[in-house]
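In the two complexes below, subunit A is the common chain; its partner is subunit B in one and subunit C in the other.
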Partner chain A sequence: MVVMLFDEGRSETLMGEEEDDDIPFTQPSTSQVQKGLEKLTPAQVDQKTAEVVQYFLMKDQKKIPVRRADLVKHVVKEYRNIYPEIMKRTARTFEQVFGLKLVEIDFKNHVYILINKLETLEGAPVRSPSNPKMGLLFVILSVIFMKGGAVKETLVWNTLKKLRVDPGEKHEEFGDVKRLVTDEFVRQRYLEYVRIPHTEPLEHEFRWGQRAELEVSKIKILEFMGELHDRDPQSWSQQYKEATTPSSSSQPSTSSQR
Partner chain B sequence: MRRARGDGAEESPRQNGTAGRRRGEQRADSGDGDDAGGGLGPADMPEEDNDPGLRREIRSKYRDLINSVQQNREDMLSPSNNKLHEVLEEANKLFRDVRQAREAALDAQLLVVATDLGKEKASQLFVEGNAFDPSAFAEHLLSFMGLNRLEEGDEEQQHGGGVDGYLPQDAWHRVAERAERCFRTAPCFHYMMGSFHAEPPPPKQRIERQRKAPSKEVKRIMPTQLKKMEESQQEATEKEVERILGYLRGYYADEPTSPISYYEFVIDPKSFSRTVENIFHTSFLIRDGLARMYLDESKLPCIAPVEEGEVENGGLSSRKQCIISISLRSWRELIDALDISEPLIHPPTSQSVSQ
Partner chain C sequence: MSRPMGDSHRRFLQAMMAKGIINEQEARALHRHCCDAHNAHCAPDRLDEFIDVISSHLQPMFMQIRKGMSEEDGLPYYALVNMAETDVTRMSSDYADNELELFRKTMDLILGSETGSVSSTDILNSADSLQTKKLKKSETEHLLSRLVMDKWLNEKRGEYTLSTRCIIEMEPYIRTMYQDQVKLCHICHNIVFQCQICENPTCGIKIHNPCVARYFKGRAEPRCPACDDFWPHEIPEVRRLQSQSRR
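So, the complex of A and B:
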């Protein structure tokens, strides 16, 4: 399901420097979309949808979110007048064909990511070689979560050092750790790395990013914590509450399918 | 409330009311001998205010305190650690000698750092059951990763303050595998067959053509050679088997009542390899049902030809299989035991196979 804002006729400014010479993308109204569809054959619309699907799949390899501006400029192009219809179909394709969810994580700047609709089953065989970076990310996310949602960066670095990962040194497995954590993970929207005001010297805070909020199951993290510490996950009452409350901000709202 | 000493020295900006700070002594009244500044009497106070050495010392001690809180923050966070209390007591003592703005500023900075820490400690207490200790987490995770903890410290050096030991190569893979279960990540898209190669194929074709030419000639020669070999082998075996059958029938015909000992039959006392060949060829007779083996009263194997008429009646049902092996040693023992001096199966005269 795609969460979309249907701004009737209101112009949107494109984000980013590269869009200077482009006509700002205006979200077309429903009537405009209807008119646009009448002028095209179903095959044409299907073709364009397929192209958008493929674009997303390619971009998702690196887990970098897709911006609407780029999508319109590079793929949708002259079909922009039926953009909402294409996105609707794209979302449906992902859902029904791939079992994936297309989610808008930034309503202001119109940025999308793909996540899995399906949960991994407990006993399922590992489907592909695991990516050690996920392990590192997991450690950081866990610490943030267990500590209430935001931690000073020093805490993260110190914890990693205990695991023999030093941001100041090149790591065998991860290379430039600082860059991986503060740049790559942040661009992928797994983490947020924000400045704490009035700190001298400058300090940052780590929080969960939008992708993490959508992709990561807090209760499953808590379960793993329980296994590691040999404790009942419920004994962390605060965190357990956080993990079991469905929060409106973290789950994408669904729109009805046509 | 503290009164600043007269004469132009800057007033201390510190006011009452900060938590945990004990106020008290009015400098004017008491004549503390045990000041941090060193035991000057009240009359010398103004000078003490301006003594640069003393000022520096105070500032330096404040900086030390601030550093110690910042460096050891995590340790001090631990509920069992009381260092913060000590720091505050130290600061209290130092504060008595604060006269100038610079020192007071440092005092203020220390206060910010200390209260921040204090706040965190307090919040920990409030949610005692929810406390999460990242150090313990790290320890557990290292175990999960398969850390091989060493009994004694090796000269192998120091990993970030942690336990010595070897982490296996796949340590992070293990974590990743377990961690991925908590994620709902979309699987990565990749082409199954890879992308197409832009390289031109012609070079390969040339090589193939060159190779084909010689191979054809070789092939022409091969068939004729092979045929010869196969025939000779097959023929040789068949002939030999027939020959042995002949011997067997001959001996049997001579003395139908006297059983032929199997070993006496096959063993060639002059050649071990011949013996093995005889066993090999005799087995064909057995397989084809032209001869049969049985055990006599002494449980020694005997061999006898099968009558012409019996061949088909033998039937598959009554057939049994066995494996016969013979070693050099057993061969010699048999020769001795059975007193074999002459082979019953004479070696063929035109034999080209080496012995």
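So, the complex of A and C:
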């Protein structure tokens, strides 16, 4: 049963009880993968791929990034020797069936997220419950982008207050606004909330998170700004240049490119 | 060999994943929106075909977009369902073990009732006898509101019923686990909870409220389709949406 295998939170594993799990995972070689595939039926590989897809979807529902270590321990398990093949098929399934892209955002710790390949459109007849939060996020991302990529948290709080979204009060739609912005959006990798050293009292600054870099169009932000201020987006020359430069080489590559 | 998926199908699927369940009117509007967005031809009478393409590609992942009828309004609904589960553990990522146990007990009570519903009082009482960790009254109430919000249960005036999404998704589970208690609607032959019942003690057939409305529409003297006894219940009106007259 697919979901019952994801028994992560419930059982405590003691050291040495499950021998395989404590061995750190190393990527198998191409020949090892080949050998591994020969020992399995196509149905077995398909089944395991389906389980990995389900696991990602479950995590992605809450926009929680997936760590390779957890994926191998809880889902892939004894199929770890064909891990690259499973990931290749998983990425392909996400692209072809769901219109999502599997992206590695942390090469050191091997952390993945799913981003949308399809553009978010206005006027969708079926509105999902997360839309108001995305609106709020968009405002914050706009402020950060227009100010050059990093802003002091006070600027974000003041901007929100002007929109009657007060981080100090419980908001009707968003609840605990401060928690939404500094915790939820950060965990989802939409924002980064970084301490500014040597500040007394302690201050933070906000930057775009990796998911925002991959999912949110800077051109769209400029267009929104243009409408808001009745200006041509190109009049913000610095920001326009940044928005129209194709992604730099530091952009994370997709796992399917390996 | 199933037809390939296009971006219009993917966009539809993404919307389904966000909502979980939509009614037919929303499905038609979404179909049109998705086709327009990607300059794909939209044939309004081919909605089910469009959805079948998506379902055929979801099948290897044990998922499906399944069609069913709401017991409340009699309208068709489309739900994205997980077929890998044969138990309520499909909900296990969102609910604790004792919460799932309470949900199972609620289902037991609903399946055992004549009306297809259970009062909040009865659910609270059953929370006292959980085999896993006990739930306090406030915790039970909070759990019930979460179950309603996640669209597993409906609540009206303190009475809880299974939601359309729950019935569509769990039908195979219900048919297996409750095979002795589960009843089928005499008209549409799907599982039935909220219904009218023939008062003849040797008959006792059940009919969904919307199926009653459709079957007995316009009849001066309603009679039970199985035993021909007079049908004593008030016949509801057939619910019609404005767009249904446009074909």
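The definition used in the following text is that the second predicted complex is superposed on the first by the 216 of 258 C-alpha atoms of A that agree within 3 Å, B and C clash if a C-alpha of one lies under 4 Å from a C-alpha of the other, contacts with A are read in each partner's own complex, and residues count from 1 in each chain.
Heads up, the rule we're going with is that contacts are C-beta pairs under 8 Å (C-beta built on N, C-alpha and C of every residue); 3 or more make two chains touch, one makes a residue touch a chain.
Bear in mind the structure is a predicted one, so any value in this text is a computation, not a measurement.
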Greater residue coverage of subunit A in the superposed arrangement, subunit B or subunit C: B
Partner chain(s) touched by A:Ala50 [first = subunit B, second = subunit C, both, neither]: second
Which superposed partner A:Met58 touches (first subunit B, second subunit C, both, neither): both
First, second, both or neither for A:Leu118, with subunit B first and subunit C second: both
First, second, both or neither for A:Val216, with subunit B first and subunit C second: first
Which superposed partner A:Thr93 touches (first subunit B, second subunit C, both, neither): second
Which superposed partner A:Thr41 touches (first subunit B, second subunit C, both, neither): neither
Subunit B versus subunit C as contact partner of A:Asp166, first or second or both or neither: first
Where subunit A meets both subunit C and subunit B, residue numbers: 57-58, 98, 116-118, 126, 128-130
Touching residues on subunit A, where the partner in the complex is subunit C: 1-4, 6, 10, 46, 49-50, 53-54, 57-58, 93, 96-99, 116-118, 121, 123-126, 128-130
Touching residues (chain side subunit B, partner subunit A) in the complex: 73-74, 127, 129-130, 132, 134-142, 144-145, 159-162, 167, 172-190
Subunit C to subunit A touching residues, read off their complex: 5, 7, 10-11, 13-15, 17-19, 22, 26, 29-30, 33, 37, 57-58, 60-62, 82, 84-87, 89-90, 92-93, 97
Subunit A - residues contacting subunit B, complex: 57-58, 60-61, 63, 98, 100, 114-120, 122, 126-139, 142-143, 146-147, 154-155, 158-159, 161-164, 166, 173-174, 214-217, 220-221, 224-225, 228-229, 235-239
